[in-house]
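Same chain, two partners: chain A is paired with chain B first, then with chain C.
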Partner chain A sequence: MGFRQLGHNPRLLFFGLLLLAVLLPWLPLGSSTNYILRILTTAVLYMVLALGLNIVPGFTGLLDLGYVGFYGIGAYTSGLLAIHYDLSLWVILPLAALNGALWGTLLGAPTLRLTGDYFAIVTFGFSELVVLVLRNELWLTRGPMGLPGISPPSIFGHPLARDWEFFYLILLLLIIVLLVVTRLQDSRIGRAWFAIREDEIAAQCCGVNLIRYKVTAFAISASIGAMGGAFYAKWFKFIHPDMFKFWESILILCLIVFGGMGSIAGTMLGALILIPLSEVLRAVLPQGLFSARYLIYGLVLVLMMRWRPEGLIPFEGAQARKARLARERLNL
Partner chain B sequence: MREISLQANPGQIVGIIGPNGAGKTTLFNCFAGLYHPTRGQIEFLDSPVVPEFSEAMVKRVRRYAFFFLALGLIWLPLFWSFFLPGALFKLELVLLGVFILVIRCLLIRGLLRLQIWAWGLMFVFLLSDLCFAAWWLTHPFSPASLVGARIPVGYIAWPWGFVAGPFSIYLMIQLWVRRVRQLYGFRLRPDAICRLGMARTFQNIRLFFNLSVLDNVKIGCHAQMRTGLSGALLRTRVQREEEAATESEALEHLRFVGLEKRAFDLAGTLAYGEQRRLEIARALASRPRLLLLDEPAAGMNARESSRLIQLVLRIREKGITVLVIEHDMRVMMNLADHIYVLDYGRLIAEGTPDDVRSNPKVIEAYLGGGAAHAEA
Partner chain C sequence: MDSLLDQSSLFLQQLVNGVTLGGVYALIAVGYTMVYGVIQLINFAHGEIYMLGAFLAYTMVTVFGIPFFAAFILTMLICSCFGIVLDFIAYRPLRKAPRLAALITAIGMSIFLQNLALMIWGSQIKSYPREVLPPILFKTAWSVGDVTLSWLQIFILSITVLCMAVLHLVIHRTKIGTAMRAVSQDKTTAALMGIGVNRVISFTFAVGSAMGGMAGILVGLYYNAIFPTMGYIAGIKAFAAAVLGGIGSVPGAMLGGGVLGIAEVMGAGYISSEYRDGISYAVMIAVILFKPSGLIGRQIREKA
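This part shows the complex of A and B:
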């Protein structure tokens, strides 16, 4: 099977990459294995986050600039639960997701009536608010001192410490999130989201309850963000309000735009390319130019917008491919 | 628009014609729930799409909202100082209280539209009001703090309890009764109207252009499906069966309009006439009782429009009532059983196609006053 054919069968490609990822810690890469693993863990974490964010601007067509707020909420939920109650990761993850969904609903229910830019401003305000609360509510979050000493997650009483263990953990999380996102995409709910993105009025006249589906999208996106945050806190073992600044939201949005708004494969590819790119640049650039790496980062995005404005794997392409598979299935 | 009164009987094809700017599309938007008429009533299958407003009730609810705001502004600091001594000086708590108050007032304003969730929250709030009113009435003089002792709480608490308490009960009962729609002027949202069985197409085509033709029709089936979040996530057997049934039904609708060959193309790639037919298929997918077609033959050549006429006649054979807006008189005369003519938002004539064709008012509206006289 040639490479081109592989490109036409995304499922096979995905399982191939997954197999590669699973084998990665055991490949003879020498002393740099742990370094690569750490970068890839970050990349996969951002894949999870981007998949979560993708639901709102990609599927439903609403610009969400406050995603990092939910990420922060998840991280602090996880950190505080771990420190005060010493709960296991498998309890913390759902709780963090629920907390994220709660705040997503609370923010979404009143504000999702707003359209376009106004909604973006509100979400932006929300993420700033989260950072302010994290910084100022000393009794809860210890504010600018951060939250150190989060216990590492453990599986069957064995605390995770090595890099490959965390890598496997985030891969597991990725698979769960991927399952959720693809299943939703192919269901009645996903179609309602797409309809809202394409044309709100027509969607409404087809019987789609706009508010309900927008809030659902927002809550699910928020809960995936919070799960990412929960993992992050458990992995890094230290969290600080500054980690959840507005820049993170923009970065995740960039991953989506780069990969292809609304397409799952594109979103993952975007994260897989852009996140390690920063590390690669760190290694490649000479000492003096080291701080210019964000400049190059920006340049990549600008070039991208010039030559492929719909992203690496555009949504329409993915739709057309899906349709072709369906046609083959039905022999039409 | 004013003084329009029309009626569509089941199984009929009813046409609406009129010159540009006559308000035909506006009328459709009112039917579909996109626009809200300031006055008047629309009924569909015995349920009011736009009910007759009870102006007095709306006024009463609004007055209650303002009353609440004023009373709350007095009550809030008192409450805090009474139950939580010292809390008045905690800025955050006071802000929280004001926030809750504002939300409540907004919710009461939301009563005018009565979204379901606002309805539930409203109920909880009213219940809490009632509890507080009862508390104030039974414990008016038990100062828990210095502030509470100094302010004559009773003088404010008593009227509060007497007014807010009964009014809360009254509103709760009003909210509870089934006639709530009529009382508060509860308009149906477009999606609810669709679920009732009214589907429409648009004058300027509004398809989901980046989705496949089949997906467009599947979204039309949305109102008929039941799967929720858990079903979609777990891929339950019910969900899979429903998906399969939807797919075959959507293909069936596509076959009906003659688009099954293009089911897997993106909707944006269809030709203009095909897009019109796809819109009809999408509307049919919601299994409507009444179909609103907004200029279905616009921009079509003679062959395409005669195909369209056949299609609409076949839709009627299914037992669906059709309401058509159309400019093309030839299409309309072939199609409609009954025609209404609008001009400047007024109904100027109605009757069978032949009646309308010979009506001097209609000729005047279309060709101008002079032409009618010339013909006469």
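This part shows the complex of A and C:
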């Protein structure tokens, strides 16, 4: 089978990549294995986050600039529960997701009535408020001192410590999220989202309850973000309010715009390309200029919108996919 | 009795500071509100123009030794050119694209410019050297008891009021102002009436950016601090002021700026100084939720 056909068979490509990922820790890469694993763990974490964000701008067509707020809420939920109650990751993950969904609903229910621009700005304000609260409520979050000493997750009493163990854990999380997102995309809910994205008024006329589906999208997106945060806290074992600033939202937005808004494969590809790129920049740029790497992300946003708004792998609706598969079958 | 006097003079001082801050917010907010009025786009990069204004003037007075007031005027000119170029390269190609695309471009531009400034000027906080500034700015103009008003504050307030008045006249009394109002109502019809829509949009960007750049210098003077991220917070607050007053309306921007400035200073003084920025965000969210048309704005339609 040629390389071209592989590109047309995303399922095969995906399982091939997954197999590669699973085998990766055991490949003879020498001393750089752990370094590569850590970068890839970050990349996969951002894939999860990007898949979550993608639901709102990608599927529903609303610009969400406050996604990192939910990421932060998830991380602090996880960190605080781990420190004060010593809960296991498997209890924390669903609790963090629930907390994210709760805040998503609380924020979304009143604000999703607004036009798109106002929604964007309100979500931005929300994420800034989250950072302010994390920074100032010392009794809860220890503020700028951060939250150190989060216990690592454990499986059957065995605490995870090695890089490949965390890598497998985040791969597992990715697969779960991927399953949820693909199933949602092809479901009745997904079709309602696409209808809203294409034309709100037409969707409403066809009986789509705008608010209900928008809030659903927002809450699911928020809970995925919070799960990503929960993993992050357990992996990094230290969290700080500055980790959840507005920049992170932009970075994640950049991933999905680059890969293809609304396209699941594109979203993952965006993370797989741009996250390791920032590591390359860390090596290339001088110390003081590393923070200026966002210049490139800003440029990516502008250039993509100008020249290729559909991203690297454009979104493909169910009908288009069916048609393409039928064409390919005829060719075979 | 004494403490009561202290209380009231503290309050008055806060009020003075709040009104000054509000004047600056109003100057930035005008840029948002005019652009939004004409092309219905939140120009996120506007805050960055404000930041660039502060830095351009800084470079002119420190590196090139240009006198302060000349640098002031030059900065306004450069910023307005900058606004036109920004519109030309970033927004104009997307005029017919979905709004989401234009919004993302605006965000991207804002991030790009902010980090460009970071690369050029570094992340350290800079301030205008005292010796190049007219010394009168730092003298106390008027003081009653503990309440003081500096010439700088008077300077800021009078510039703000002057600009707003001129702008109001331009919009309501001149040909280009009439064209702006026409374009903001209906681009297609305006074009059919022989109005050069793109020219009007360029003009709008130029005026808004000049005011933004000026506000940058004034804030740099007032707080004695310029840094690359100053634009993003001030930009959001100014946007909040624009929304508060009613987006698309110039007097609204002025009113919104004033209310927000006072609310912020009072909130920081009496409620919690840690949540200083939070107060602006909270005001903005509350206004957007409960009265999205703002205090004196026109009703916003869902779809044209």
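Keep this in mind: the second predicted complex is superposed on the first by the 293 of 332 C-alpha atoms of A that agree within 3 Å, B and C clash if a C-alpha of one lies under 4 Å from a C-alpha of the other, contacts with A are read in each partner's own complex, and residues count from 1 in each chain.
By definition in this document, a contact is a pair of C-beta atoms (placed from the backbone, for glycine too) under 8 Å apart; a residue touches a chain by one contact, two chains touch by 3 or more.
Only a predicted model underlies this, so the values are computations on that prediction, with no experimental measurement involved.
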In the overlaid three-chain picture, which partner chain does A:Gly157 touch, first (chain B) or second (chain C), both, or neither? neither
I'd like to know which partner A:Pro28 touches here: chain B for first, chain C for second, both or neither. neither
Quick check on the superposed pair: does A:Phe246 touch chain B, chain C, both, or neither? Answer first, second, both or neither. second
Quick check for you: in the superposed arrangement, does A:Gln319 touch first (chain B), second (chain C), both or neither? first
Is it chain B or chain C that touches the larger share of residues in chain A? C
Counting only touches as set out at the top, which of chain B and chain C does A:Leu132 meet: first, second, both, neither? second
Counting only touches as set out at the top, which of chain B and chain C does A:Asn209 meet: first, second, both, neither? first
Quick check for you: in the superposed arrangement, does A:Phe124 touch first (chain B), second (chain C), both or neither? second
Answer with first, second, both or neither: which of chain B and chain C does A:Ile201 touch in the superposed model? both
Could you pull out which residues of chain A sit against chain B in one structure and against chain C in the other? 201
Please name which positions on chain A make contact with chain C in the complex. 57, 61-63, 65, 110-111, 114-118, 120-122, 124-126, 128-129, 132, 135-136, 200-201, 246, 250, 253-254, 257, 288-289, 291-295, 297-302, 305-306, 309
Residue numbers of chain C touching chain A in their complex, please. 40-42, 90, 93-94, 97-105, 107-116, 118-119, 122-123, 232, 236, 239-240, 243, 272, 274-275, 277-278, 281-282, 284-285, 288-289, 292, 300, 302-303
Seen from chain A, its contact residues with chain B in the complex are 109, 180, 183-184, 187-192, 194-195, 198-199, 201-211, 216, 315-316, 319-320, 322-324, 326-327, 332
So, in the complex, the side of chain B touching chain A is made of residues 32, 34, 115, 117, 189-191, 194-195, 199-200, 202, 206-212, 214-215, 218-220, 222-223, 225, 227-229, 231-233, 235, 239, 242-243, 260-261, 263-266, 282, 286
